[in-house]
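Below, subunit A partners subunit B and then partners subunit C, in two separate complexes.
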Partner chain A sequence: MNDMIICRCEGVCLSEVLDAVEDGANSVPGIKKRVRVGMGYCQGRVCQPIVRDILESKLGNGTKPHLQRAQNPVRPVILGDIVR
Partner chain B sequence: MSYKVIVAGGGLIGTSIAYYLAKSGAEVTLIDSKDIASGTSGSCDRAIMIQSKKPGPTLDLAIKSAALYQDLEEELEVDLEYRKSGGMIIIETKEELKVIKDMVALQQKSGVDVRLISGDEARKRQPGLSEDLLASTWWEHDAEVNPLKVSFAMASAARRLGAVIKLGSPVRNLMTEKNRVIGVETSEEELYADAVVVAAGVWTPQLLKPLGVDVPIIPRQGQILVSERLPPLLRTGILSASYITNKLRKGASREAADPFGVGLAIGQTHSGSLLIGGSRQFVGYNTETNPEVTQKIGEVAVRAFPQLAKVRIIRTFTGLRPYTADAKPILGAVQGMDGIYIAAGHEGDGVALAPITGKIMAQIVCGEEPEKDMRAFSLSRFKQ
Partner chain C sequence: MKVDVAIIGAGPSGLTAAIEMIENGLTVAVIDEYYRPGGRLLGQHYEDPKAAPDQRVWNGKNIADQLEKKARGLGVHIFTNVTAWSVSEKWKIHLSHPKINMIVSKVLLLATGSAEKALPIPGWTLPGGISIGAAQTFTNLHRVAVGEKVLIAGIDPLSLSVMIEMKNAGIDVAGMVLPPISPASGNHHTPVQTVARLKDVAGLAPNSFIRTFGKYALAWFPRLIAHALRFNFLKVNGVPIHLRKSIVRIEGSEQVEAVILQSVSADGKPVGQAERMEVDAVCLSAGLYPLVDLAETTGCTLVDIPELGGVIPLHGPDMTTTINGLFVAGNITGIEGAKVAIAQGQLAAVSILKSLGKNGSITVQEAKMEMEKARIQSPLRFLPNIDEGRTKLNKLWEKEGVI
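Right, the complex of A and B next:
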C-alpha cells in the first residue's frame, strides 16, 4: 500500500512522501525538495493535489498547505521557439 | 555543561554550520522560518567551480571547501550526486579572451592549474559546442553536487549528532542583555544560548538591524531554465566568459549595457535535466520569473550550443543571491557585541563554500583558532 506511485513523472512512491513529512516537510515544495515529487515533465499537475491532500491529513491543522506557484512556462516549450 | 549554540537559517550555510558545530560537541538548535533549503539554497545551480572564483581570499576558501567535498558523501553516508565533472569557461570574443587570460594567469599563481584551450579542443571535450567558439578554459578538478541533498544531509547528520531542528519557526528577535546576545525569540518561544549564529542569507540584515548593526547584503536575483530529461549530453560544467564579467561587476555600474546581467551557466543534473542559467539583477526581494530574461538566457544557450534549440523547457525559477559589494561573504563575530556571529553573503558561491564555511564558523564560535586568517571576511571591513 505504501508503495503506491504518487508521482508518475518522477516515479515517487507514497512511502517516500510520508518519509518527507516525517523529516519535517511542512509544505508541498518542502516534499518536492526532499523526494522530487512534482519536479517531472507535467510539473506536478497530476501529483500535486494528491500530495497536498496527504500533507493536509498528516499535518492535520485544518489549514490548506500551499500549492507551488505555477512557474512559467505553463506548458513545456521548445527553446528555439522562446528565442525566436 | 556543553556549549549551547542557536543557528538561525537552514540553507546550505546554516545546515553546514549546525553539522560542524554538532560534530565538535556543541549543543545545537537549528531554526528556520520555513524549512531546510526553502530559501536560496533551494533555487540555485550545482557548481563547485574553483576556476570561476576571484583569486584572493575567496579562492583560497573555495579550494579548502572543494577538498572537504571530496570526502563528504562518505562522511555523511549520503549520495550527494557529487561528481568531478571538470569545468570550462567558454570564450566568444577577443575582449573576453584578454580578460580570461589575465584571470587564468592569476589562478595559476594561486596554484590552480587551469589551462586555456583552443576552440577545437573545447569542441572535442564537449561535443555540440558552437563552431564559432574562439577558445575556452579547462580545469579537470571543478565539480558539481546537488545542493538540496547537501542541505538535507547536513541537517540530518547534525540531528544524528544531537542537534534539535525547528522548522516553520521564524526568529522574530535577537534577545540581548547589555552588549551580549543571549538568545532568540521565535514565533513560539524564547530560546537561550551561549552564542547565536545568523545564517539567514539575504534575510540576514533584517535580523541584525534592531541591534543597530548594519549588514550590507542585498538580494541579486538569478533566473534558471530547466529542460526536460535528456540523455547524457553535457560532460562538464560550463560558464561563458560574460558570466564571469557580470559576476565581478560591481553594483549597478555598467548595468545599462545589459540590465539582466545574462551570462551562460549550464550543466546537466543526475536526472537528465539541463539547468540553463543565468541572470544577475537587483530587483529587491522579487522572485517572479521574467519572460524577457528567459528569452535572453535561451539566446546565449543556443548560441553556445546550437542543438539546444530543439530542447523542451519545462519550467523556470529564480533565486536570490546574497550579494555584498566586494564579492566576499561576511563570516565571523560582530565587533562590539558578544555572543553573536554572522555567516552570510555568499552571492553565487554558497554551494561551493558551504562545507568550509561550516567548519570555520564552528571553529570560531567554539573559540578555537580558525584554520585560515578570516580578517578579509569580517563585517567591520565595510566600515572603512
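Right, the complex of A and C next:
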C-alpha cells in the first residue's frame, strides 16, 4: 500500500509523501519542496487534492492544510508562445 | 484582438454568457483548451424526470451544438484547442495560438469549470484504470467502450449516472463498489456516509427502482443505519451496487486484469475474506473540484468552502469577484449541474452588461431568480450541502467582498 503512486508526473509514491509528513511538512508546498509532488507536467492538478487529503488525515488537527499557489504560466506552454 | 468581454471556458455557462452579451451589443471572445466547445455538456446523456414530458432526455452534446451554432452565428469569436496560459492587467489574455497570441478585453469572465479528483488505490495507474468523467466522455461523445467488463469504484450521483449511460451503450458493468477507507482517498467512504449522499440522486433515475430506493433512503435513513445496510446487493439497471464492499487494489502486469474487493461493515471495517473479480477496466470516481488556477493568478480573493467542492473565488450573488471587471460563472463557483451553469452564465452576462452601462434581455434580479429555479429543477445534485455552502459564501461576501 505504501508504494502506490501519488504524483504520476514525477513518479512520487505514497511512502515518500508520508516520509515528508514525518519530516515535518504540514502544507502541500512543504511536501512539494521535499519530494517534488506537483512539480511535473500537470502542476498538481491531479495529485494536489490527494496530497491535501493525506496531510489532513495525518495532521488530524481539523485545519485545512495550505495549498500551493498557482503560478503563470498555468499550463505547459512552448517558450515561443511566451517570448513572441 | 480586442473585445469587450473575454470568456475562458466554452462550457454551458461560458457559451450562454457569450450569447446573452453579444445579443445586447458587446463583442465577445470565448477560449477553450478542448478541441470543441461544450465542456462537460459533451459527455452528458440521461433522462431527466423533473423536466417536461417532451424534454425528458437531456442530450448534452445536442445542447452544446445548439449553443455553439447560435454563438458563432451571432459573431462570437470561439477559440478551441487554445490554452489561455496567463492573464494580466485588466485584461490581457495570453494564448497558445499560432496567430493570435493575445486578447485584450474590458471584462474577464472565468468559466473554467472543474477538474476531477483522482482516486489513488494500488494499481490505479495501470492502463484500463480511468476516471469516471473520462469514461463518460468516451461513452457518450466518442462512442468508445472503455472495456469489455467494467467495475466502477465510487458510488455517487456522477458515477451512478455514468453507469446508467454505459449500460445504455451496451457496456457490461460488473458492479459498483466503494473506494477504500484510507487517508489517500479521504476518510469519508463508509457505507453509511455513502447512502447519506445518495439520497440526492433519487430524482435522476431513468428507472423506478433507484427512485424508490432514493425515497426509501431519505425517509428511512435512521432505520437504515440500524439495520447496517441490508441493501448490500441492490441492483440498478441490472448492475449490482455493492454498498458494503470496497475496492482494495487493482491487479495486472501490463494492464488491468482484476480487482480485489473486501466486504466491510456499515462503518467501513473489513469483514470476512477478500475476493477477486476479473475485469479489464476500472472507472474511478472521487468527485470534482473547481478549477481556480487562472483565477488565483489574478489576485482575487479565494475561499475554501468544502460544501461547494473546495477552493473558489469569493464572489457575490451577481457573480462579481473582489476584482473590478472580473466575473465568474459555472463550476468554478461550486460543483453543480449543467442547468445551474447555464443560469449562472446568463446571470454573469447581465451583470457584466449592467457594469458596462447596457441592458440585458432580463434584469439581474430576474436572472438570480432563474438561477434559483434551475437549482431546484436540477435532476441531480453533486454535493449534498450545496445550499449551506452558498449561505456560507454569501456571508463571507457581505463581510469581505465589498470592492
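Criterion: the second predicted complex is superposed on the first by the 84 of 84 C-alpha atoms of A that agree within 3 Å, B and C clash if a C-alpha of one lies under 4 Å from a C-alpha of the other, contacts with A are read in each partner's own complex, and residues count from 1 in each chain.
Just so it is clear, contacts are C-beta pairs under 8 Å (C-beta built on N, C-alpha and C of every residue); 3 or more make two chains touch, one makes a residue touch a chain.
Here the structure is a predicted model, which is why all the values come from computation and not from measurement.
Subunit B and subunit C, once both complexes are superposed via subunit A, fit side by side. When the two complexes are overlaid on their common chain A, residue A:L14 makes contact with subunit C while staying clear of subunit B.
Contacts of A:P73 after superposition: both subunit B and subunit C are touched. By the document's definition of touching, of the two partners only subunit C reaches A:I5; subunit B does not. Vertex at subunit A: the C-alpha centres of subunit B and subunit C lie 140° apart in angle, rounded to steps of 10. After overlaying the two complexes on the shared chain, residue contacts for A:K58 are found with subunit C alone; subunit B is out of touch. For subunit A, the partner touching the most residues, choosing from subunit B and subunit C, is C. After the two structures are overlaid on chain A, the closest C-alpha atoms of subunit B and subunit C sit 7 Å apart.
On subunit A, the surface touched by subunit B in one complex and the surface touched by subunit C in the other have residues 43, 71-73, 77-78, 82 in common. Residues of subunit A that touch subunit B in their complex: 10, 23-27, 29-30, 33-34, 36, 39, 41, 43, 71-73, 76-80, 82-83. Within the complex formed with subunit A, the residues of subunit B that make contact are 34-38, 42, 148, 152, 156, 165, 167-168, 225, 227-229, 271, 289, 291, 294-295, 298-299, 301-302, 308-317. Residues 1, 4-6, 8, 14, 43, 45-47, 49-50, 53-54, 57-58, 64, 67, 69-75, 77-78, 81-82, 84 of subunit A are the ones that touch subunit C when the two sit in their complex. Those residues of subunit C that touch subunit A in the shared complex are 33, 83, 85-86, 88, 94-96, 101, 115, 117-118, 120-125, 182-187, 289, 291-294, 296-297, 304, 310-311.
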